[in-house]
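Below are structures written as structure tokens.
In the two complexes below, chain A is the common chain; its partner is chain B in one and chain C in the other.
Presenting the complex of A and B:
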């Protein structure tokens, strides 16, 4: 097994995290990320791990909320809490492309 | 162009008709001032925790039931991680492992009467993102939509034409809007469809390269978009070329699909279970409760109406107007002439509603007054001309039908002996017409009826006059 990640793998992770890396950092992370992954992979040695994954730290059911409207924020407050705004809108640097979500 | 086999799958997002958002108690609303419908949860402020809206689960179970899906008994939510300003938490809460509904189908009826099941792979719940508007040098965000509950319905790749896609979307919209699950207004974004299209030479071949068409503005555009995309892919393969998986959009100005981006790498969303919302257990009681809330669906409505003797075309028209159809449903147990009732509703009343841009619930027409109206019309006490004259008053005032008839001066001569004397006089004055009728010229009766109406200044009850006239002619 290789003891470090490829350059491309590191750059892919950096891209997902939206961070820029210097040449030195790329080389450093090739080794460090590989070590992290190897450590995390140890969890696979635990028997029955896949069968009953615990997703919360308690086993009770989710308490559901009634569909009743509550207090909302003042739009002025909302936009003033953002670093920049234009009228009632929160302003962010121009983003190219489409949302990846819903 | 060669013939290829198209394979199409559709993903539909619909916004649920709840009062509040999925994870916060801020209002779920549309068309309000930007950023006026939010709270700290929708904005992803640090330290806030989501609380799941019970009505979201209720409506999602209802949708899954209507679409014949199996329902997950124990489910959880997952985080879909990505960096984009439309979701300030940097993850969207969705369902990746345990969609609330799975293995369902919706049945469509093609033009030739043939039915086809469109299979539903899964139906999951998720939060909507905020709305971003791109300007030249900045992007503007409105969080009113952030946290609006959505269900995403994913079909299997089982459709093979634009027409099938259109029929599926129409059927889904009909089911979800009649199920009171969503408004399904494509123009307001409460129903959004993405279509995946690929083509291949033969059934035994693996599926071809996929193009996803996003941002489809209407159902007819979905059909057109699919057809244009099949054409485009066919031309590429015919030239012996190929293409990379990509996202396109349909532009109705150029009537073609346009490239948005090529998908170089697969999506890497690093899904993991949402730890802030523990398991959600769907009990039998919750499923029963949700099923109870399902109103009468379109297919059942159409069936009931045709059973009452209404023409199929009229039954379809009634179902197309939800509030008119709901009104009609209140009459189903009554002893009235349903044909007459449907004709009045779809004729003069619909014309009024269209003109005034109103729903029937916004008028003063009650079930009782409508039944009376149908009765006087059917008996011939009022003519269709009278109906037109009276209609605005009927819909706008609360007066009884009898009072309105008097007000606008409809005094029908419904007195048998009075009318009989008038008719006898007319027959005496028109011996030729009488003998024409007796010699088999049925048209003569129209002339004689005209004379009766002229003599009574249109006040004779037409049905009664017709009956007496026939009796006297035969006598």
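Presenting the complex of A and C:
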């Protein structure tokens, strides 16, 4: 087995994770991600367990809170937490790609 | 040292008799932090607010043990008006607009928040060296790590900068640094403490807990933070109980188990010897100690890698550079905001884990890895439960070695998981686990023992821990009592 991922494989997972990598990082992660992905393969060697799954260690009765209106955060404060904002709005850059514009 | 190294009960009495005021404790805390600056235990200090609050409390009735006591919070617990970074560049400038439930609970007890402690970025790491703000150091030897990810809280308690601290534990992050720095750290049962306002790393594993210089103070702090919270669906509704109630009781007749895995070849002889000495002491005092096997425990690290990285990739999707925190410059479109902000904002370890996690959860992989991990985890938990039908408690070493050098290489991505190999099974099974110091290695670095209880059996764990604390009577002040 190759001891590192291909460049394309690293770029694929970086894209899944919405992370831009530098050239230097791509090279580094080719080796490092391979190590971790080899590690997790060990799960396929485990035998004898049943089909039940445990999503969270939780043996209480689930109790939903009542559907009533509660206190709200102040919208002004919420918006002010955004890196770019104007008035009561959060500012975002162009959402539509340039080629699709006009 | 004036007051912060004294027992909580003693300081409480002084406050009650008005012989000291909360401001004396706050001033001492900031003096200690200044004197120990090199430790780098804190990311953000809350000085003005803390002084103001101490003065406000002066005329109020000292109505509980925690009244006026300075506390430090790990920097992944959100605090209204006080910067919360999670040790990451991506939250450099993030000032939350509401409090975590645990913060409100501590403030209700009239505690005083001194600052936010250093940590591995988003809790990902085992030495706190992935912090964007530099690693905290170990008060026992400034060349050594304080452990992680709650390394700042551990260093702050070990050096007595503050009296009490809160940490979080996803795969050992309270117990492991507690072991490296010679303090008492408790990861309560999953569901004991509300996670509302704890910045999520792996939601099915994360839990908040107390880090203190002794067992009694740990139990008192746990008393204050537990309880059902309607803002956290997974918080447990339990009868109110006093976690100090069994402290000091006789351990005669207690049945204790040690999983063979926890005493295997991966553990250094020095650590094992110290644990064995402690076991001997327990047996001499009427407890029985048996070695047992717990099936699947050796797979816990693999399960953890899959579950924790998978859940992290999903949880950390919220950091988009739009709503709060850091946003990269020179962006042309929305896609750039995500890619550049996350690329520049997250540290190496975080990016590595999010990428692997995204891969593990993508398409069919979710079945091949994540679902399988959940399935084996269920069997492992059943194995633990079976052991608790016979035994009161499970024990073993907390870490495989004592704290290592800050300069040790960080190039193996598996290292941070390996450091936690003995503490991870507890999170996988949702059980409570704690560290209690049991001695020192030849370089006088602390060695810790782990006590694991059945779900919601924290009081029983404190009983055994308090017995060990009393029997061993270690001097746990770095550099000796001052």
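The rule we apply is simple: the second predicted complex is superposed on the first by the 88 of 102 C-alpha atoms of A that agree within 3 Å, B and C clash if a C-alpha of one lies under 4 Å from a C-alpha of the other, contacts with A are read in each partner's own complex, and residues count from 1 in each chain.
In this section, a residue touches a chain if its C-beta (ideal position, glycine included) is under 8 Å from a C-beta of that chain, and two chains touch if they have at least 3 such contacts.
Bear in mind the structure is a predicted one, so any value in this text is a computation, not a measurement.
Trainee: Going by the contact rule stated at the top, is it chain B or chain C that touches a larger number of residues on chain A?
Mentor: After superposing on chain A, more of chain A is contacted by C.
Trainee: Per the contact definition in the header, classify A:40: touching chain B only (first), chain C only (second), both, or neither.
Mentor: The second partner, chain C, only.
Trainee: Please indicate which partner A:75 is in contact with in the superposed arrangement: first for chain B, second for chain C, both, or neither.
Mentor: first
Trainee: For A:21, select first, second, both or neither according to whether it touches chain B, chain C, the two together, or no partner.
Mentor: second
Trainee: Looking at A:87, would you say it contacts chain B, chain C, both, or neither? Reply first, second, both or neither.
Mentor: In the superposition, A:87 touches chain B alone.
Trainee: Just to be sure I read the superposition right, which of the two partners does A:32 touch: chain B = first, chain C = second, or both, or neither?
Mentor: After superposition on chain A, A:32 lies in contact with chain C alone.
Trainee: By the touch definition above, which chain A residues appear in both interfaces, chain B in one complex and chain C in the other?
Mentor: Residues 16-18, 53, 55-60, 62-65, 73, 78, 90, 92-95, 97-98, which sit in both footprints.
Trainee: Once bound in the complex, which stretches of chain B touch chain A?
Mentor: 13, 18-20, 24-27, 33-40, 43, 51-57, 76, 80, 82-87, 92, 94, 126-129, 132-143, 150, 152, 214, 247, 260-261, 265, 267-270, 273-275, 277-281
Trainee: What does chain A use to touch chain B in their complex?
Mentor: Residue positions touching the partner: 12, 16-18, 53, 55-73, 75, 78-79, 86-95, 97-102.
Trainee: Which residues, counting only chain A, touch chain C once they are in their complex?
Mentor: Listed in rising order, the residues of chain A that touch chain C are 10, 13-14, 16-22, 25, 29, 32-33, 35-37, 39-40, 42-44, 46, 48-60, 62-65, 73-74, 77-78, 81-84, 90, 92-95, 97-98.
Trainee: Enumerate the contact residues on chain C facing chain A in the complex.
Mentor: It comes out as residues 94-95, 97-98, 190-191, 203-204, 230-231, 233-234, 236-237, 295-296, 299, 302-303, 305-306, 309, 313, 317, 321-327, 331-334, 336-340, 342-344, 346, 348, 351-352, 354-360, 362, 369, 371-379, 381, 412-414, 417, 429-431, 455.
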